[in-house]
Each structure stands twice: as structure tokens, then as C-alpha cells.
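Take a look at the structures below.
You will see two complexes here that share chain A, one where it goes with chain B and one where it goes with chain C.
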Partner chain A sequence: MRSYWVKTVGIEVNGRKIDWVENETIKQLLRRMRYTFPLVVVKINQKVILRKDFPDVVVPDNSRVDVIHMISGG
Partner chain B sequence: MNKQKFDKIKEKLRNSSVGIAGAGGLGSNAAVALARAGIGRLILVDFDKIEESNLDRQYYFLDQVGKIKVEALKDNIKRINSAVKVEILNQKLEKGSMEKPFHDVDVVIEALDNAETKTEFIEEVLLKLPDKPVVAASGVTGYGNSDRIVTKRFGALYMCYDEQAKSSEDDVLLAPRVCLMANWEADLALEIILGEDSGY
Partner chain C sequence: MVDGQIPVEEYETGNTKHKWNLKKIKSSHKVLAEYDYKKSEIKNGFANRTLYINLGTNQIKEKKITEDMKKKFTGGRGFGLKLLWDSIKPTTHWDSEENNLIITTGPFCGITQYPGCGKSLCLTISPSTDIICDSNVGGFFGPYLKFSGFDAVEIQGKAKEDVVIVIDGEKGKISIETAPLEETDSHLVNEQLTHMYVSEDSEGSRQNVSVVSAGTAAEHSYWGCLNFSFWDIRRKVARMKQAGRGGLGTVLRDKKIKAVVAKVEKFSGLQNNPADPGSLAKLGTKIHREIRDLDRYQCNMRTVGTGHLVEIMDEYDLLPTENYRFGSFPKASKIYSPNFYKLFTKVIPDGCWHGCTMACAKTVDGFTVMTGPYKGQKVTVDGPEYETLGCGANMSLWDPLWILEFNFYCDTYGLDTISTGTAIAFYMEMYEYGILNKERCDGLELCFGNAEAALEFMHRIARGDKGEFVGVAAKGIRRVKDWLIEKEWGDKQLIEDTGMESKGLEYSEYVTKESLAMQGGYGLTLKGPQHDEAWLIFMDMVNNAIPTFADKAEALHYFPMWRTWFGLNGLCKLPWNDVEPVNNAEADDPSKVPEHVQNYVELQNAITGWNVNKEELILQSERCYNWQRAMNVWMGRGRRKDDWIPYRSMGPVTKMEYVSRKERYDKQLVEILGLSEKEVEDMDIEKKMKLLYDYKQDQYQKLADAVYYRRGWTPNGVPTPQKMKQLGMDEPKMLKMIQKKIDEDEKAGLNVWGGKYKRGENPPSKDLDYWEKG
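And then the complex of A and B:
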């Protein structure tokens, strides 16, 4: 039986499939998505990325990114 | 009622603990719900005093205005279920040590008000206590449209979330929605402690 290896270039952000951009940081991705919320928790493939690392962490291909908007009130 | 299931749940909850960061609208109502359900131990952390304006959504009474929130909340819980062990910390959670009070609880509930503090708290607990289940809420303002609320799970983080709600700076905080979210958080804590409800 033949096995196939299908290369997919793309990432999923909050359930939306978008193109993967090489060397794109989280900060750049948030700008590309037009996410302007000041306060977000970002997870890449279930790992939480701290806000201070947004300018340095590069989004890998095929990753699943979750951006949660933190809203005041309690 | 399924008595066998009920007894099993009571026994498990009696031996479980929940830490709550904040004793305002979310924290006070979540704490009372967990106390009524029969949680064994609660750790409550808040620095604030009760103001009359809090009574539109927080689990306090007119004759408690001016009192320290965690002390008043402990009193209220004891009037409902004296078996709950209630540990209180009347202090502000400071950046760098926010996870400290919550090392030995089964579940942490984020019940803070300000988005910045919420974010800091979640980041710090997830980072320093990586396996600790954290239940958080975002989007507690307004009224109606409550079927927009969903639970989103990201590893150990469980978010009770309405992404379309506005910030409390631009909208109102009212008891029904705030208590819904608080009880949603408490219910998620039960689910984490007891495991998914099999129906039996």
C-alpha cells in the first residue's frame, strides 16, 4: 500500500484557515488578523505564549493558534 | 434522585479544594455556589472592602457595607454550610507572586475584574503551575444574549467566554449575567473535579 505525505501550508487562527507566512511573529500575525484587542492570551498548539514574547515567537507552519480576548468585568 | 451518584459526588467534593482569585461579582457568587454544592475547602483572595454599589451583583448584604470582602464572604458561607473550610487572604495579588496562594488547590478560579489583571493572572498561573486547571471568565457585562456564552478549553485553561461582550468601562454589570458567569465557572470547577457527567 502506498502512503502519501501531503504538504499543507497554512495555519488555523480561531478556527479560520489562513496562509502561513514564513518567519511571521505573533505580533505580526495579530496585526495581519486585525486583532486590535489590547489584552489577549495566545496559545499556539495548546502552549500559552506570554505577551512579552509576542515580538519574538515565530508561528510555525500547520499550527493552531487561539487568540482569546480578555474583557474587563467581574 | 440517584442517591448512589449523589453520595459519591458529595464524598468527592468534600475532599476537594478550589482557590478563587477575587471576591467581587464572579468570586463571591462562585464561592457560594461551591459552598452549597459541598466543596471541602475554599481559598479566597481579595484586597477590597464592600461598597453599597457592589450589592447589585455581589453576594453581600447592606449591613456588610464597609467590611472586608473575604471576611464577610466567609461569614456568609458559614451561614450556608459550616462544614466548608474557608481560608481567606485579605491582600492584593501582585505581579510576580500571583500563583502563590493556589499551590495546593485542585482548581483555580479567576474572578478578577480588570482585563489587564485577568491576563496577568492567567499567564502567571499557567506558567508557574502548568498542570493546574484554571477556570477564567471573559465577557460578563450587559444583559440578554446569554446563549453566546461558551466554554473554550485550551489545555489546562477553561474559559467561560462571550467574545462579543463589551468591557465594563463601556457597558453595565448586572446580577443576572454576572451570576450566570460565576455559576458557569463554579460548574466548570465541579466538572474538572468530578470528571465529565456520565449520567450515572
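And then the complex of A and C:
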């Protein structure tokens, strides 16, 4: 069975469920999601995390993460 | 000094120098008409008059701007719409005598205290779409037009021979002069005319002249752009910015205008006479600091311009490659911004108007031209900006030097890079399928990646080549689709689905397959698929922040209105959201960058002396947006059928596309269409594609339903008299016209929802006459 059929508990990023990785920081999560755009706002369970704290803040299990990409471009 | 920056005093472009007998060229001019006017001061951002020129009758006159016109149309693009309404007919085509080419400013235009305040808005009836096209552009012309005493210039009629129009703000004189000996290609004619009309032989004086022109290809193509010059005192070059979309340059050359020149005696940051200069300076200082301190950690616009988007779009599968078949490509890293940074000349500042700290206008100086009439010469290439780089990807050109070559020739020939690149990409795909071939392409091997063939195609357009293919292909994708179908050279459905145009205008450079809202951002627009109304891909596809039709419709109401507002005021949108305040994340709705929106509220009050709030800014736009849509209806367009988009912008047209993203599409069949995994495994690819096709087409119609409803339009997309009255746009002729069109639609059974609603699903309203309640 391929990976995308697997129902995971874990974390929700922008409304999509993904695996939780122990001790994963926001910076690492963004890399895993291939979110390379620099203008992002990150909230964990509705709480805004400052950009300077991305390398240090660890994403807890069962959390809801919002990675809001600003519009830019266009 | 930043790393790599060259001291200005030591800088030489290395460009090929031209020697012209300018006295002889100028003495060959014959003055056809002259008009002296009284110079006057600008008050609160407005010159309070417009300039009217008719090249058929050589009439030149002034028109007053009334307070009612400001109240209803604000300025800039709004003024352009009003002037068009007063001057054209519903039957006016792009090449009609009465078609009007309008360049407008807006109350912010010419301000130097805040970044991005040098924009002009250009409007005309487009050869590509046969409806109004508006296009914004930097460069010095707009501010100089206003400093010369005019909020807009409108040009009707056609000259009998090539002319230049000179707006001499120094002397207070307008003239129409024959121009038989000037060059036509923009990088040359802009330089010639700058030298010719300069008051004294100095760099400072040359900076007081700006030229608008279109090159030789604009005469033979529907993609003609306008090149607005700005003299760069460091490079000693007439650099250019383009009003690219919709064939404005084609109209300029059809009127036999070689160039329009504006010159001023001087300019200063306070020439707009703002109502409250103190507040203006305070707001400016704040944003300048923000850009200086934050840009390098955010979009890096000051270093690489909009080109930084290439790597981001590639990473998110949004960079159009091979005619939008794919959103990323293994070779894409060859055109990432660091590769262009190496080529850019590091002389700063690099803005296209004074005081713009965003300074995103980059150049490559001393570029050696590889093909065509300027082969071997060294030139300055402005850009390339993201859209031009996206065209490179779309044509599968991965060599930065060929993209620069494409960029240079598009600009100097007066071709819109977006339409040219998108169209060539389509022709290349047709070539790959054998629908086009070498014989049918007049001997051109127009396959993906063949840069030399693409350039040769452009040279032939510029030369006015009489080949059947070149003649049709230079008019754009819509005409080529019709031509291919008429010739029965390929499958009609495939041709319609893959040619990336809507309303006759070519798409700009974003892949929208996974963002329904952005499909609407391209299709449910006034002029056609250009990203300057709404760019919602991240908000929709990545953030998943607007999941319902109502959410998407709200975004497709707010953002087009907000973006329209920049055009009403003579503003660039980049300083709004390509840099954000450090605490933007903590704002209620960070996507709107609320602090910057508030800046604009305060700026408009500081400049005009008005007392508006942020809701009023949206209302200003709503008035003009609805007016433009109503004008489209007046011209026989502006209905649901006109908001059609090709399927390539919704989903996979070919098996290759499906297979390349199989995991994604299979998953959609399971998660969205409710098929079992087994059913998907067993299903053949044609069936899977058909299911997706039907689903996505229906989604788009449902989106249109929601958007029309949100905008207060009929289910067929027509602004209603009730809505117009609510906005204060109560001109009886307009109200009568739209009521008549609505009644015609009613008779024809067109006032119905477009989506197929199943049990449990609801259209935006069960009452189809909802608009009559006002």
C-alpha cells in the first residue's frame, strides 16, 4: 500500500494530516513540507510563533500548524 | 557600498554607442499642430485637467476634471474608464478611428516620499480582446505628464504619417510633429528623442525627458507593448519599463505614433502639493526603513528583483514549463535568481521612479546581442522580471543568455514578453504533436527549447514577414486556435484546451491547476488572464485558507478590488505585500498586510485632503471595477461565456501530464470524487481524466456562480442597475443599457446558475432575481 493512503494521527498542517516527528522544529518542518517561501506566518494551535524562533520551537504531537504563505508575487 | 557594487563615477556600461545626426532628424520634422497652455500648479495630487489630442483632425484641447469625476472615478484608471465611456462606441474596435489610447496618472503618481509612486495606467480597446485593456507601467512619463499639467492624455484618431507628440511642460506647449527619420525600435528611438528634446546637454537635463514608444514588431502583431523610458544618469541609458498587456503598442503604431515625449523643467518631491506633507514624510520614512531593514530577509527584491520568484514557483510546482504542462522542471535551477544576480550590474539605486527604495528594476549592461538586426551590438537589457523568466521556462529555454536575448528583442520590438512567450510555448506544443510542423510554420522548427527559432519568429514579425504562419501567429493564441481548427490540422478539443488564453489574451506565468480560486483569478477578470487582479494560489492551494466557494468568492471580491485601487492612484503594488512589517504575523488578517493598508488610507488622506477609511478604498475600486465590467457588457462581452478558461489551467489535458502527477490525481479521485482505491487502480487513464475533467469544469462554474453573487452581478455575470446605484454610479445611459442587457439575457434563458448542484448542495441563492432587491 502506498504512503498516501495511510491514515495518520500526528499533526495537521494547513488542514492536511501528516506524520508527527519527534523533536522536529518549525524550521525542520518547513523543510520537510518544502515550504521554501520566505514570507510565512506560522501558528501552532493558533499561537503565532515569531520567525526568529523557528529554529528552536519544537512542534508538539497532535498540534494544528498553520503555515500561512503571504501573497507576494503577482 | 554593497558587495559587488561598482562606484558610479567609475561605471561604464560598455554598450555600443550610436552616432546620429540629430539636427538633421529634427529639422525633418514638420509641425502639424501646436497648442499653448497655461501652466498651473498641481493641487492635492491632481492637475485637475486632462489633455485631448485627435490625430485625425489635429485638434488639441484641455478638459476639466470635475469634483464629481473624482468622487466617482478617483483618478488614474478610473479617469481612463470615464474618458473611454465618453469617447468610444459599443462597436469600437482596436483599429477604429475613434479608439482612444489613454495614459493616466492618479493622485499618488509623482510622489517621491513613498515607494512605488511612479506608475502610469494605460487603457485602450485591445486588439487581442476587443474590450478595454488596462496596463500599468513605471518610468518617468506619468509623473512628467502630471507635472506638465495633466492628469491624463487621451489620443484619438490616426495620423497619416509617422508623428511624435511632444508635451513640453517647460514651455507649456503641445505639438504634433511628423517624424520621418527617427528609428522605430524603442531602445534607439527613446535615446534619440531624449537627446533631441533635452534643454541642455547634461545628464540632469536628460533625466527631465521621458519617451513612450513601441517598436517595429508592434506594427505587425497584436502583442504590441508601450515602452516608457527613464533616463538613468549612472548608466547614461534611456532605460525602459513596459505597459505590456493587451496590445497597447499595437494601437500606438496603428495611430502612426512613433513616440510621445514629455519633458519638464524640474521635478521635486512636493510637486504634487500634498494636503499634508508632514504625514506623507512620516509614512515614507517608516516604510523606507522597513524595506531597508527587512527586504534582504524576505523577498530580496532590492538585490534580484521579482526574479526571486522563479525558485519559489519551481519548488511549489507553479512555474509554467512546456506550455503549462508542468509546474517544475529539472533544469529550472539554471534560471534561478542567483544566476541572474551574477549578470546584473550592481549599481544602485535601481528604481523606475525616484524615491522607490524597493528598487526592483534590474539591468544587465553590455549584453552582446546574438541574433537579428542588432547582432554583435552591446546593449542594456532591463530585467528580466519574473514573468519573462517564466516565459523562458514555458518555452523550455534554460539558458539565461537566451532569456536575455528574448527579453531585449521583446522590449525593443515592442512585444509583450508575456503574450509572446506564452503564445510561442503553445505553438511549440502544437509542433510537438505534429499539428504544426516546419512547413506549416514557414520553415521554422518551433520545437520546445529552440531559442533560435523563437527569436527568428520574432525577427520575422518585426520585419512584417508575409508568411501565413507568422501573420496569424503574431496575432496570438486565439487566432491560431481558430486557424488550426479551420485547417483541420488537429483535434479541436486538444487545441482549445491547451492554448492558454482567455478572452483572447494570453495567460501570465503561473500554473493554476491545483488552485480553483486562482483559476477564477485568471478567468473571472475584466481584461483577461493577468495576475494583477488576484494572486490567490498560496492562500488557496498551500494555506488551504479559503476552502468553500463562499470563501473563494470573498477573496475574489476583496483582492481584485484592492488591486484595482493601486491603478486608481498611480501606484505599484509591490511595496504593499512584497515586504511586510516585522509584526505582521500577529495581525488579524496577515494576508492583507493590514499595517500597509492603513498606510495607504493615511497616504490618500495626506495627499488629497480627503477623509477616507479602508472601507472607502474598496468602494472606490468597486465603482470603477463594476463600471469596466458594464462597459464590457456594453461592447457585447462581459458574460459567463466570456469568462471561459482553457482546461489546461484546471487539470491534466494529456496523458503525459496525468502520469507526471499520477499520485496527486489518483488521490483526488479517491478523496474528492469518492472512488475506492481499487476502482482507481483498475481504471484506465482516459476514464480517470474524463472524471477529473467533468468535475473540474463544474467546480469552475460553481465558483463563477459564487463570485457573481458576491459581486452583486446577475447569474450571467452582468453588474446590475441596483448595484451600480448602490455604488453611486447612477448615469442613466449606463443604467438603461445594463437593464436592457439583463432583460435580453432573461429572454434567452441565461440568468441561471452554471454549476450542477446535487442533492445537499446549494447555489449561492435560490432566488434567481436576488439582485432586484438591491
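What we mean here is this: the second predicted complex is superposed on the first by the 63 of 74 C-alpha atoms of A that agree within 3 Å, B and C clash if a C-alpha of one lies under 4 Å from a C-alpha of the other, contacts with A are read in each partner's own complex, and residues count from 1 in each chain.
Just so we're on the same page, a contact is a pair of C-beta atoms (placed from the backbone, for glycine too) under 8 Å apart; a residue touches a chain by one contact, two chains touch by 3 or more.
No experiment lies behind these values; they were computed from the predicted model shown.
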- Classify the contacts of A:50 with the two partner chains as first (chain B alone), second (chain C alone), both, or neither. both
- Does the superposition put A:34 against chain B (first), chain C (second), both, or neither? second
- Message: Can you tell me whether chain B or chain C touches more residues on chain A?
- Response: C
- Message: Let me test your reading of the model: by the given contact rule, A:69 touches which partner, first (chain B), second (chain C), both or neither?
- Response: both
- Could you look at A:16 and tell me whether it touches chain B, chain C, both or neither (first, second, both, neither)? second
- Could you pull out which residues of chain A sit against chain B in one structure and against chain C in the other? 38-39, 41, 48, 50-51, 66, 68-74
- Could you pull out which chain C residues touch chain A in their complex? 297-299, 306, 309, 311-313, 315-316, 386, 510, 531-532, 534-536, 538-539, 542-545, 547, 559, 573, 577-578, 580, 584-586, 590-591, 593, 663, 667, 670, 677
- Task: Please give the residue numbers of chain A that touch chain B in the complex, ascending.
- Result: 38-41, 43, 46-48, 50-51, 66, 68-74
- Note on the structure: In their shared complex, chain A is touched by residues of chain B numbered 22, 24-27, 111-116, 118-119, 122-123, 126-127, 137-141, 152, 154-155, 157, 159, 161-163, 165-169, 171, 173, 178
- Which part of chain A faces chain C closely enough to touch in the complex? 2, 4-5, 14-16, 34-39, 41-42, 48, 50-51, 66-74
